[in-house]
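In what follows, subunit A forms one complex with subunit B and a second complex with subunit C.
== the complex of A and B ==
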């Protein structure tokens, strides 16, 4: 078989108040051409102003990927003509990207693999085109939206590795809070390079451009491996070229050959004065980078002894993981907290199709709830009732327990009185008590619970009943 | 003599005293614009609906001015003298235009230029050739051709221009007026149709040095729309204006002077100006600069400006705006629009610019040009540690006759072809003033100083102006 080598170029739109070089709103809207400033149309006389917020977000991702950051922020022009490019050039970064030579660790079926990052750079998005039979429409809303392009080294060797990297990268972006990174909203797009080789040397690079979902990345890779394998097996030579994926069929088609490669005539954008990147600035940004998905998963398994499955469920959404961590930080037992969060809490969220931000519950409440069960104030069955009330109302568990009169009777004398009462009332059964028959004792427990309206501590009740029943027939 | 022919201070005083009204000035200005249009062709657009403004304490209030047609003016046709923008009406004002509006100045017209600012003859605008008011068989030079012509002719007291290599100063010199390009970033470039962004400046053309101080004071300032604009709150040209420049030190470049010796009259004029400088109490010293560096100015200016220009003008595709030519595909639309929209000279520059930026040529052509630029700037900056300014002949000739020169690039090393670009390379403040008459035509000298020494440059020029006592054309004609 041939060795498959894959490299990825991932474009992700960044969130920011305004566009990356213009004051227009960076936000989703249904109305075409409504978030448009003079700069986004390339009018004569416009000048770009670099968006500091977007630069910082790009640096944040760069640092989260362990990249080397530049000493100053500068931009370059990438010159080419296309109807969706109003200035006739795209402002991007070539000379000094926000990050170079980084890495991202990914977990491929339990194996940790290090994916080398060639660079990550900030640029502006183009306008979007809609083609019709006899005309095309241009929507400039997308023109100038900040775009972060991350380029991996050709170091991935299977579809699975490529897709795992993409998922990990998406989670990194989301964990960093710089984008929703949703491909269904067009926020993430991808170019894939695939080459096959019999030796260690890389084969001819085939690039498949502008793939709009991870699913399609997988299809493109599958198709290319098959296509190139066939060529090589028949003694052919794979042509270095750029291809596109047909979403309908999952097949790739020739776009242009290497000889037609565009010379983008890069040069440094003269309108943006260089801004120094200071250590203080980097330190400020570093403080805002959270622990990432894979690190959290490892921590949950290694430190908290959670199962891989539970750890994975917990880290899937950063907010859930943050919530769980706060429970633990508040003093809750990790395993018990995990049970509450992955069980009752996520169940509720999934059922109602909401997120953790939508419910009034706080991590410290989970800790309190666990305590109430641990010190036998309430039973675990009651705890579920408390939880349901808690998630609806946001009331603290103690308050709910009091309001509902759920406080268990833990006073030994009080329970003893009821136990004796029950035995007296059921003299016949008590006399025929046989410790072998567990159903019998359940009957008495049930009677005690009935009298105390469930408040008697079940464990204590059981213990006392056993003792008294043993004595009863002596 | 009409108040229109006087200095800004004099006009302002007359307005304040009610001797003339803003309305009368504007009417007179519009009348002259129409009257001389056929003769000198300085305007693309004459704003007949220009309205008078209240007279405030701002010296510019109520007084008409003209702006070069590459400055974005909201609601007023702005063509950059190119067919590709023949119908383009901007939706926003350039910062300098906005600031003049706020000062109460009245824009009465947009002036003809060399197409898109590229060219130095004033003959390539899409509405025709601009003629020199001193002698209509001669050119004004460019690219701020119409701005120079209309100020010299007395249509307006001042005009805005832009300067990438010498586009304000060269025509100012040929038309016997003052041309000032301040420090890079002092005036925002927002709304200036970019030619070569790293070299482009907004400046002004006036009939005396103090007027230039008033205009630049009004339009300068840091601008949130221009990241290269600079904070200049401590640069106050009018407040610090003085003709007492005793003790200031000037240098002139030996190699340029040697070259000038070939044309005795210009040389004599320049030497006389140096005598005036000494008479003002300034020290004047000769400095030698490696001729190879000087020879590098013209080719490196061409390389950098063409490269930046080809990119800057890539927005002119006819797609979002502009004079669109139809085609079957978007590519065809862009190709047809650009082919028909640009003159041959412009296309030639774009081809050169593209060639220079090509991957395989960048290192040799573009990067080397930038290195030469850096060498020149470093050399001049080093000299500015010892001197307050560089004094140069503005040109080695008077305005040429039409046909004597064109904008086809030369393959020779021409020392005087682009000597004023030193000011653009370094972003230095640079002012040109008339220094006398040769063959009935004005000749000029240029003062260039260190970054942010705009006040000193203005004052040195003002002191020389006083000594030279040049009589502008409009005043001469009135007499």
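== the complex of A and C ==
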């Protein structure tokens, strides 16, 4: 067996109102070439001006990954010729990226692994190309959209680790609120480096470029491990090269060798003057970084005593996790709040294919609902009914309970009167009562509920019935 | 200092996609020799190794980033005005699969 080493380069488009170096709209549209300014077309004489929000968002992700931030923002030119890049160069960062030497902890089957981040840098996306039989078409809408590229060290050693990192990174981006990070919308793309070695030294690096989904990253890694293993087992040497994944077959194919490596002739972008990064600016950004997925999961398990499964379900979507946290902050018991959120609430959201933002329910309502059950105002069965009404109407649980006349009868005397009435009306059954037969007692409970229209406290009713029935024949 | 050879220049020309004539290569070789001579002279200045390479002439701490406001966007007609050919508002170019991206 050979030791597998994987490094990832992940590109993610950042959300903002305008593009990273031009004032054109950064947003999705179906109309080609409609979100374009002169800068995005590489017109002569253009001057790019960096977008403050894009820079701040990039710094936010950098800090969330524990990276060292630069003292100033500068950009570099990466020169290459291709139709998706009208200027003939891409404005990116190499000299001073927004972050270097960071790390992200990932949870691989319960084991925490630290993934080292080489750097993360802000750049502009290229135009998109569509290829046809004899020609290609260019749409410049994507040209200039802020793109954050994060490069890991070659420190991942299996497909599972690589995919777990990608999921964790994606959630970090989403938790930070800087992008939806959806690969189905082309917002996330990935280059994967795979090398195999028998020793501690790294083997030849094979790079698979431009993979468009996590699923395909997995396929590319599987294929490369198999391909390189076969070469090595047959005494061959793996060539250092760049390859591409064929989406149809899941196989990778040769794109270019190391000897043809492009020399990008990087140099500092002279048209954008350096902007200082102040401590105040960093502090402002730091305040906006939320607690991340893995930390929340640990907190829910360690502090709230939730199961790993429940904790994982809660942190999957940040809004759900925020909602749960607000229930707890409002004073709800974490386990009970978790039951409501992961059970009824998420069930409702999934069934209707909507998110928590689409329903009028507020965290404090869950807390009130739990209280109503705890102080026996309503039964847990009734609570479900209240919940359904709450999520449809946004009314507070107290209001619903009143409107529906759901208040449970907890007054002992009142219940006792009904119990006695029921026994009298069902004299024959009461006489033949046998405590061994549980269905019998259920019958009486049912009768009491019928008379009180479900409002009698079930536990109290049961207790009184047992007592009265035991004495009935004496 | 490393000499710039004909092979170096050929390699750069290829990578930068320049087609060059033989006499142009000769001119370049001579010019690089002169440039390197000058660089050598500069290299002899005392303490030069402590001087940072200059990209910007002076430090301007007053540079502001642009506020994130989407303003001027070209109309699609204007955006593709210079294209030789368009199909459904996209710019048509010869097929370019397999290059750099």
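Convention: the second predicted complex is superposed on the first by the 474 of 474 C-alpha atoms of A that agree within 3 Å, B and C clash if a C-alpha of one lies under 4 Å from a C-alpha of the other, contacts with A are read in each partner's own complex, and residues count from 1 in each chain.
Going forward, a residue touches a chain if its C-beta (ideal position, glycine included) is under 8 Å from a C-beta of that chain, and two chains touch if they have at least 3 such contacts.
Predicted, not measured: the structure shown is a model, and the values here were computed from it.
In the superposition on chain A, A:209 makes contact with subunit C only, while subunit B stays out of contact range. Judged by the touch definition given at the top, the superposed model places A:81 against both subunit B and subunit C. When the shared chain is aligned, subunit B comes close enough to touch A:47, but subunit C does not.
Look at A:92: by the touch rule set out above, it reaches neither subunit B nor subunit C. Of the two partner chains placed around the shared chain by superposition, subunit B and subunit C are both touched by A:263. More subunit A residues lie in contact with C than with the other chain of the pair subunit B and subunit C.
Contacts of A:35 after superposition on the shared chain: subunit C is touched, whereas subunit B is not.
Once chain A of one complex is fitted onto chain A of the other, the partner contacts of A:273 extend to both subunit B and subunit C. Contact with subunit C, but none with subunit B, is seen for A:139 once the two complexes are overlaid on the shared chain. Subunit A residues in contact with subunit B (one complex) as well as with subunit C (other complex) are 38, 41, 49-50, 79, 81-83, 136, 138, 140, 263, 265, 270, 273. For subunit C in complex with subunit A, the residues that touch the partner chain are 12, 15-17, 55-56, 59-61, 63-74, 76, 79-80, 87-101. Every residue of subunit B that touches subunit A in the complex is listed here, in rising order: 70-72, 78, 80, 85, 88, 90-92, 94, 189-194, 197-198, 224-228, 307-308, 310-311, 313-317, 319-321, 330-331, 333-334, 354, 357-359, 362, 366. Subunit A makes touch with subunit C in their complex at residues 16-18, 23-27, 31-38, 41, 49-55, 73-74, 79-84, 126, 129-140, 209-210, 255, 262-263, 265, 268, 270, 273-276.
In the complex of the two chains, the subunit A residues touching subunit B come out as 38, 41-50, 77, 79, 81-83, 86-89, 136, 138, 140, 263, 265, 267, 270-273.
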